[in-house]
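Letters are used for the chains, namely A, B, C, D and E, taken in the order the chains are written, and counting of residues starts over at 1 for each.
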Amino acid sequence: MGSDALLFYLFAGAAVLGALLVVTQKNPVYSVLALIASFFGLSGLYVLLEAPFVAVVQIIIYAGAIMVLFLFTVMLLNVPREDATEWDQTHPLYRPMAVRIGGALALLLALELGWALSRTAGLGGGVADEHPAVSSVAELGRVLFTDYMFAFEVTSILIIVAMVGAVVLAKKREE
Amino acid sequence: MISSQFDAIIPILCVTLAGLVVLLAEAFRGRDEKMPIGGLAIIGLVGAGAASILLWNRNATSFGVVTADNFSLFVNLILVAVGILTVIFSSQTLERDNIPAGDYYAIMLFAIVGMMLMGQATDLLVIFLALETMSIAVYVLTGIRREQQQSTEAAFKYFLLGAFASAFFLYGVAFLFGVTGSTNLDRIGSVIAAQSMSGNPMILLGVGLLIVGFAFKVAAVPFHMWSPDAYEGAPAVVTGFMSTGVKAAAVAAFVRVFLSSLEPMIADWAPVLWAIAAATMILGTVVGVAQTSLKRMLAYSSIAHGGYILAGLVAGNDVGKAAILFYLAAYALTNLGAFGVIALLGTRERANDDLRDYAGLFHSHPALAVLMTFFLLSLGGFPPTAGFIAKWYVFSAAIGSGYYGLAIIGVLSSVVSVFFYLRIVVMMFMTERDARPVPAPITGVAMAGLVLSLIGVLYLGVLPSAVIDFAQASISTIF
Amino acid sequence: MSIGHYLVLSGLLFSIGAAGVFLRRNLITLLLSVEIMLNAVNLAFVAFGRQLGIVDGQIITFFVMTVAAAEAAVGLALVIGLFRHRESLNPEAFTSLKW
Amino acid sequence: MLALIPLLPFAGFLVNAGVGRRLPKAVTGGLACAVMVISFLLAVMQVWSLAAMPPESRQINQTLFTWITAGDFSIDLALRLDALSAVMVLVITGIGSLIHIYSTSYMHEETDADFGRFFSYLNLFCFFMLMLVLGSNVLVMFVGWEGVGLCSYLLIGFYYEKKSASDAAKKAFVVNRIGDFAFILGALMLVVTFNSLDFTTIALAVKAMPVEVTFGTLSLITLLLFIGATGKSAQIPLYVWLPDAMEGPTPVSALIHAATMVTAGVYMIGRNAVLFEHAPITLTIVAVVGASTALMAGTIGLVQNDIKRVLAYSTVSQLGYMFLAMGMGAFGAGIFHLMTHAFFKACLFLGAGAVIHALHGEQDIRKMGGLKKHIPITYWTFLTASVAIAGVPGLAGFFSKDEILFETFLHGHQILWGVGVLTSLLTATYMFRLVHLTFHGEERFAHPRTPAPQHLSTPAPQHSHGVHLHDAPAPMAFALIVLAIGSILAGYVGVPHALGGHNNLGAWLEPAFQATNCGQPVTTGELAGIAIEECLPGEEAGAEDHAALELSLMAVSSLVAFAGIGLATFLWLKRKDIPAQMATQFSGVHRLLLNKYYVDEVYDATIVQPIKVVSQEGLWRGFDVKIVDGAVNGAGYFVSGVSIVLRLLQNGSVKTYAASIFAGAVAILAFYLWR
Amino acid sequence: MNGLPLLSIAILLPIIGSALLLFVSNRDGSKNALVRNLTLAISLVTFGVTLLLWAGFDPSAGAPAFQFVERHAWIPAFGIDYYVGIDGLSLMLLVLTGFLTPLALLTSWDSIKKHVKEFSIFMLLLEASMLGVFSALDIFLFYIFWDFVLIPMYFLIGIWGYDQRIYAAVKFILYTMAGSVLMLVAIIGLSWMHQSATGEYSFDLLKLYELSIPAGTQYWFFLAFTIAFIIKVPLFPFHTWLPDAHVQAPTPGSVILAGVMLKMGGYGLIRLAFPLFPEAALYFAPLLATLAVIAIVYGALVAMVQPDMKKLVAYSSVSHMGFVVLGIAAMNVQGVQGASYQMLAHGVTTGGLFCIVGMLSDRRHTRQIGEFGGLKTVMPRLTAVMLILTLSSIGLPGMNGFIGEFLIMLGAFKWDPRFAVVAALGVILSAVYMLWMFQRVFYGKITNSHNAGLRDLSFREWAIVGPLAAVSIGMGVAPNVFLKPMEPAIQRIVDRVQAHQPLVVDLASRKPQASSLAAVAGEVSSSFAKASEDKR
């Protein structure tokens, strides 16, 4: 198998492992860090997919900015470990049960997706076989600001809402 | 009015502008300086409404992703009505609950922007963005009474599940994109129409996941579980707002996606929606029976109403499409009215939304009791209210497509629902009131709002013809 | 590598993310799980875009990231709000609304 | 004109019911009597004009208006006076008037209100009774039929404060209703069969039909009608109400429960003579029922101690006679006996009333005796009537009863004839037992100085402290005497040919029955025109030896009558110890008779109570509340139960909610991939 | 006179009146008198209008089937019109409604003390909607009135009823509504059939009559309609809402409920269920008749043992309305005429009985028969009226009860004697329970001291029960006055139905839709099957 295959499995492994760590770590700090690791794996995959800009954005914005925000919150609230409430013991759907259900469902979903893909024709061929890559940032920007101009504008509103909302929810309010 | 490529988004622009103005106004508002911020919001909404009316029959489109066909304009008008009424009711409760008016109105207006955009967008990505805009705004509104744990808790539940669901939705979009190479509805539609796709597992995955996403916003079983909590936790006005606005917007997008570009696959998604609709109608009404909190009761009732709307969608015929629009209008007016009453009866400390709180309301607030009764009768589908015509309309659609079973489930479940609506009536009229803090007197504005929605309810119930024709015209241009 | 590989991978990630919502007893980790799901979707978009040789896939990921960021902001604000109320991040600590 | 006959009493009713309570007794009573007398005179005039017509067309019809129309079904409110109804009308108005007059003094102790009420009821009764006999179709007859039932209900329950009275009233009405049940069905069958309810139409239609030898439609119709008759005329098995009906004031017993209403059944059969003639099976049943009723009632009458009850049972028994006659097809004889019976039984009841009146409400014959010298008028009239009913030759009862027995024998029903004879023996016996115990022997009654016993129906008269027992006052006496005379002479309208008579009544009635009755020879052709052609010459010839037979039978029955009287005299006047001995000796039989064969008890135990219990516990408490309504409420409980269970799913945990979303998504995908 | 839209006037008058009342402020009950008089006046005028209708009605056979027809487009998109008109049958029921409402209002003057204004409003709305039901010729309009009737009655029972009122009210509205919603489904189905047949939607009853409906559909639609109607009638075993509703309702409510609302069921059967689905109707007629005769006997037996006067009368209604259904099921002129007449007679008689029971319970605040006894001594007039009503209720010839029952039994006998035989048992039983109650309440000595001082009928009470008693006698003496106008209408309906053959149902065709649930299941599977076959 070729080098890109090797790389693929490397990055994929990193992504999956990171993801798994995220959901298995009891300590949120580790979870966040694991997620960042998994993001690195993803950005690697983006490189393989000849989408370097996305890869970069993934690192800088996602891992760099958003995750830091998470990390910041974790530190702020400073609850290193999960605590169990009386709910967890008393309720019929106490944690292990919830875990089993969730796990089972996730497994089912994975199976379904897998099977669906396996039954889909034309997924065998290499990603890059049919079309040349379009990876130039210029082209990307052009499309973004022509075809996706309106969507782009919408995100601005989205972000205003998020900002105002975050403020409204978090800022001190004079009683 | 000169035609430009911006025409289609003028309503949205109006509301957005209003939102921004409101924000600024709040920013420049000095301490306890009174400012008619609500008025600004209403101006913006009225503008949007006027624009929608002017755009009637012009099928304007902008940027290839936004359309202003009659369908979306009808929805816009519903949303405008929802917005105006919400503003009116808020005018009394904001002060009481110590909510920053500016932020509140701004976020509400942005939510409406998202809603309108959901109705108008013809591109799955834009729909997704609109949906997120709307959702995030509504999350915030839900949790806007931070000092109340319930409010925050409701907001978080709503938020987390919403994010969860929109991930599914987005994944569905991804599959459709993968198959058709586009997120544009027309393109998707043409591709699907070109080669029969119903065999392609990936597109089925896409359709299924889209259903999840939309069904969540419509609060259809089994994706409904967020709504009772969110509705109960949120301030009553907000509950009314989201139970009507969010539903209207989500349904609009749902209808557009499934009855335009995915129509060729109706045989694939109809059975699923049939089951969902049936389950929604049954569960919504049945569980409503056991509720003692009015907000929660109406939450379940609005779940059930979602089911009725879906019945129209399942029918998939022209009657169904028009019926959905009519139903949305009728339901919006009725439910807003009901939640308006609840909101006005609340106090800062207690929501006063327990069934017992309504004991003997007829004796203390006869007007409110009578209004509430009308809204409840409309929700229960009694003539001569909007609710009856609306129900008849959707069931007529279902029967027209031969879905007798769905119609029977619908009518029987509506009988069950009547039971708990009448419990409230019993409380208000037939029970002596026990000592409760009598809430603040109702301001004229708020009362005007209630009367307004009552007039709407009765108008749709007694002289529905105009609106029915209107609805039919709305769907005639598209699909 | 075939598109199939990428899709399977994204599916795997998506499932892991979905599972995460149930595995953890920490509000923040729940949010993280959702982030994983979104990233899985992103991967799918990029992969599809690459296969189709169009740039749209990449662009959509930007929008998704924006959405993710917005959600993160609001979500974290809410988490903080909740924490203020109950000094706990356990989702099961917030079950005052039920039935 | 014809309509006035019933309408006058009705007018009287309206007035008395409306303002009677405010009027003095003289006015109310006077009015009531006046309307009756006038309508009697009208009746006489009508009958006179009727008699002027040729026999076969003796009919006066009057259609008031069309009553009910539905599709092809239409009923007129029409009256018809013919030979048969003429007799009835005369009896009703005539005896009715007498009894009204009698009542004016008998009821004099009542308050004005009750007095007015009494006479309004009485008038109403006469109205309905006249409607019954004048009605030209079954439905109009049924109006009267039910109306008289209503009036008997009201009059039996006249002393409504007495439980026994109101019970008796209800019993009377309900038992009658059981008969009506059959009657209505019969009427319905008539409509369906003949598409008409008019008597003449039906008769003509039936005449065209063959006589039903096997049990068929006609038999069923007639049987149903007859069951109706058993209710109204107190025959087995529905006779039980009549004895209790004695709770009513005595004039009521005389008018309704002796002279008129109870004979309605007989009249009805006569009215439908043709119909019944075509259903021989039914006729036999009628005869058997009649005979056995006659016997059974006679035996009971033998041991009763209440003066009115004895008379009541005797009435039942005599009605039995009439039905026996009807069953023999001897309709003329039946009606004849009906008429004579009306006279002497009315006389007897009024006499009994006079006795009770004199004794301030005492009804127990064991507490009487020796009244002969105290109340002579009552005594003599009573005696006359008793002799008449006993069947002593020369008096009314003799002719009519004898004719019945003769017919019975003639139709070859020797057993029934035997029963009849035995019954007439019984009749003579218990009647004279009554006479002796009441009027002869030593005085056993509480002396008037002691106040009258209060447990009795008629309230104690104010002037009960009179020095001596006063005989019937003038109005009562008048009625008694007239009736007594009647019970002597009434028989002579039907003197059989065997005694050189012409049986005018039989001939007169003949056309009304619209079919020849060859058992009864008719010599004078012009009297019974149609009859002759239809009579076979052979039977015509046989008339002579019939005469011989008739004479011998008469001898037998007169002997029987005297034997009965003698027996009674011997037992209850000479050797009073014997009845006591017998009572003890055959105590079982005695008790059986005393308790009227326990029929009431049996009915109560087998029918009334079970129905009550089943309805109460089974149908209502059990089925209706628990099952039917339980199902309804159960549905409600089910829904709310499900609701309570389902809402538990909403357990507040965000994870659970997410799980449901997730599960839903997985399910949808599963459906798509695995369907 | 026919220039005026009399029919709409009759329907609108009460509505306008109730609107007027809204503007009378009567919070403290100071204006009760005004409100009562105003309401009474309105209802009397309405009665007058119904009489005008009668006067202007042409009963001759040649006359148009429906008269006073008014038609205005309402929801043209679906061919829904405001379309009213009356034939003889409707006319009589309109008059009955107009006649009973003022009397019911009069009874309320004693019994209703609180919220008089609201009470009056509900009564007027009730009257309007009932008039609407009887005159609607557009089945959508019919359904709207039909459904709306429930609301005022619900409030009447729930607010002004006795102690168990809420249970009774909720049971009443849910039970009857559960029945009628299925009818709504069928109505919609009909309109679609008309649409697929002629290309245009229509709820026009007369057009729908002409529709030829496939057997299977008729089967289900007839059931849907009939269940709605026999619940209203109510027919055994759907009767259990009635005793509760009757007993708990205030006197005026009971009067209207028994007097008019039950008739809506019978009217629906005659006007809609049978002529719309003749084959199915003829197929189901024996079943209906069986239930009817059961109801007759059963209702009578249960009535016999009721300790509560109102309950007794309520169950007697079950028995009497059983006669109505029997007559309808017979579907010949006599039967249906009898049924219609019985409806009128029962309306008058039972209405009167409820008035009297109400007067007694107003005086004594109890309806237990055991509490009374010997009332004849203290209230002879009331007793007299009660006697008249009792007699007409037990169908004494010459009273209104007899005419209906006789015609019904005649019709039934012509159709199938067995039913007539069982029905005739009712003749006995009705006498038993009515007279037994009469005896226990009015005869005997006064045992209970509370009864000693009861006052007899007041003038107003005379004004209430006097007309009722008079009418119940008059109807018995001159029934043709009422039968004649109805005859052509009923003749038409009977002819329409009898022109068809009963539909043949083989179990095989019935299996897949043995019940609505099964129908749902079948539908799911079919739609899934459709989907999966579209797949390949």
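Heads up, the rule we're going with is that a residue touches a chain if its C-beta (ideal position, glycine included) is under 8 Å from a C-beta of that chain, and two chains touch if they have at least 3 such contacts.
Note that the structure is a prediction, hence the values are computed from the model and not measured.
Identification of common neighbours of subunit A and subunit D yields B, C.
Among the inter-chain contacts, the highest number of C-beta pairs connects A-C. Comparing mean CA positions across the assembly, the chain most remote from subunit B is D. When every chain is reduced to the mean of its C-alpha atoms, the one closest to the centre of the whole protein set is E. Averaged C-alpha coordinates give centres for subunit B and subunit E that are 41 Å from one another.
If each chain is reduced to the centroid of its CA atoms, subunit A and subunit B end up 31 Å from each other.
For the pair subunit C and subunit D, the distance between mean C-alpha positions equals 98 Å. Between subunit A and subunit C the centroid-to-centroid distance comes to 5 Å (mean Cα coordinates, whole Å).
Counting partner chains per residue, subunit B has residues 125, 129, 132, 136, 139-140, 143, 146, 152, 155-157, 160, 164, 201, 204-205, 228-229, 268, 271, 290, 419 touching two or more of them. Each of the following residues of subunit A touches two or more other chains: 87, 91, 98, 101-102, 105-106, 109, 112-113, 115-117, 119, 147-148, 151, 155, 158, 161-162, 165, 169. Multi-chain contact residues of subunit C (touching two or more other chains): 7, 14, 17-18, 21-22, 30-31, 47, 51-52, 54, 56-57, 63, 67, 70-71, 74, 78-79, 81, 92, 94-99. Chain pairs that touch one another: A-B, A-C, A-D, B-C, B-D, B-E, C-D, D-E. Those residues of subunit D whose C-beta lies close enough to touch subunit B in the complex are 636, 639-640, 642-644, 646-647, 649-650, 652, 654, 656-658, 660-665, 668-669, 671-673.
Touching subunit D in their complex are the following residues of subunit E: 171, 174-175, 237, 239-241, 298, 301-302, 304-306, 332-334, 337-338, 374, 376-377, 380, 384, 391, 396-398, 402-403, 406-407, 409-411, 413-414, 417, 420-421, 424-425, 427-428, 431-432, 435-436, 439, 442-445, 478-480, 483-484, 487, 491, 528, 531-532, 535. On subunit B, the positions that touch subunit A within their shared complex are 9, 16, 23, 62-66, 98, 100, 103-104, 106-107, 110-111, 113-114, 117, 123, 125-126, 129-130, 132-133, 136-137, 139-140, 143-144, 146-147, 152, 155, 200-202, 204-205. The touching residues of subunit D, counted against subunit A in their complex, run 651, 653, 655-656, 658-659, 662-663, 665-666, 669-670, 673. Partner subunit B is touched in their complex by these residues of subunit A: 112-113, 115-117, 119-120, 147-151, 154-155, 157-158, 160-162, 164-165, 167-169, 173, 175.
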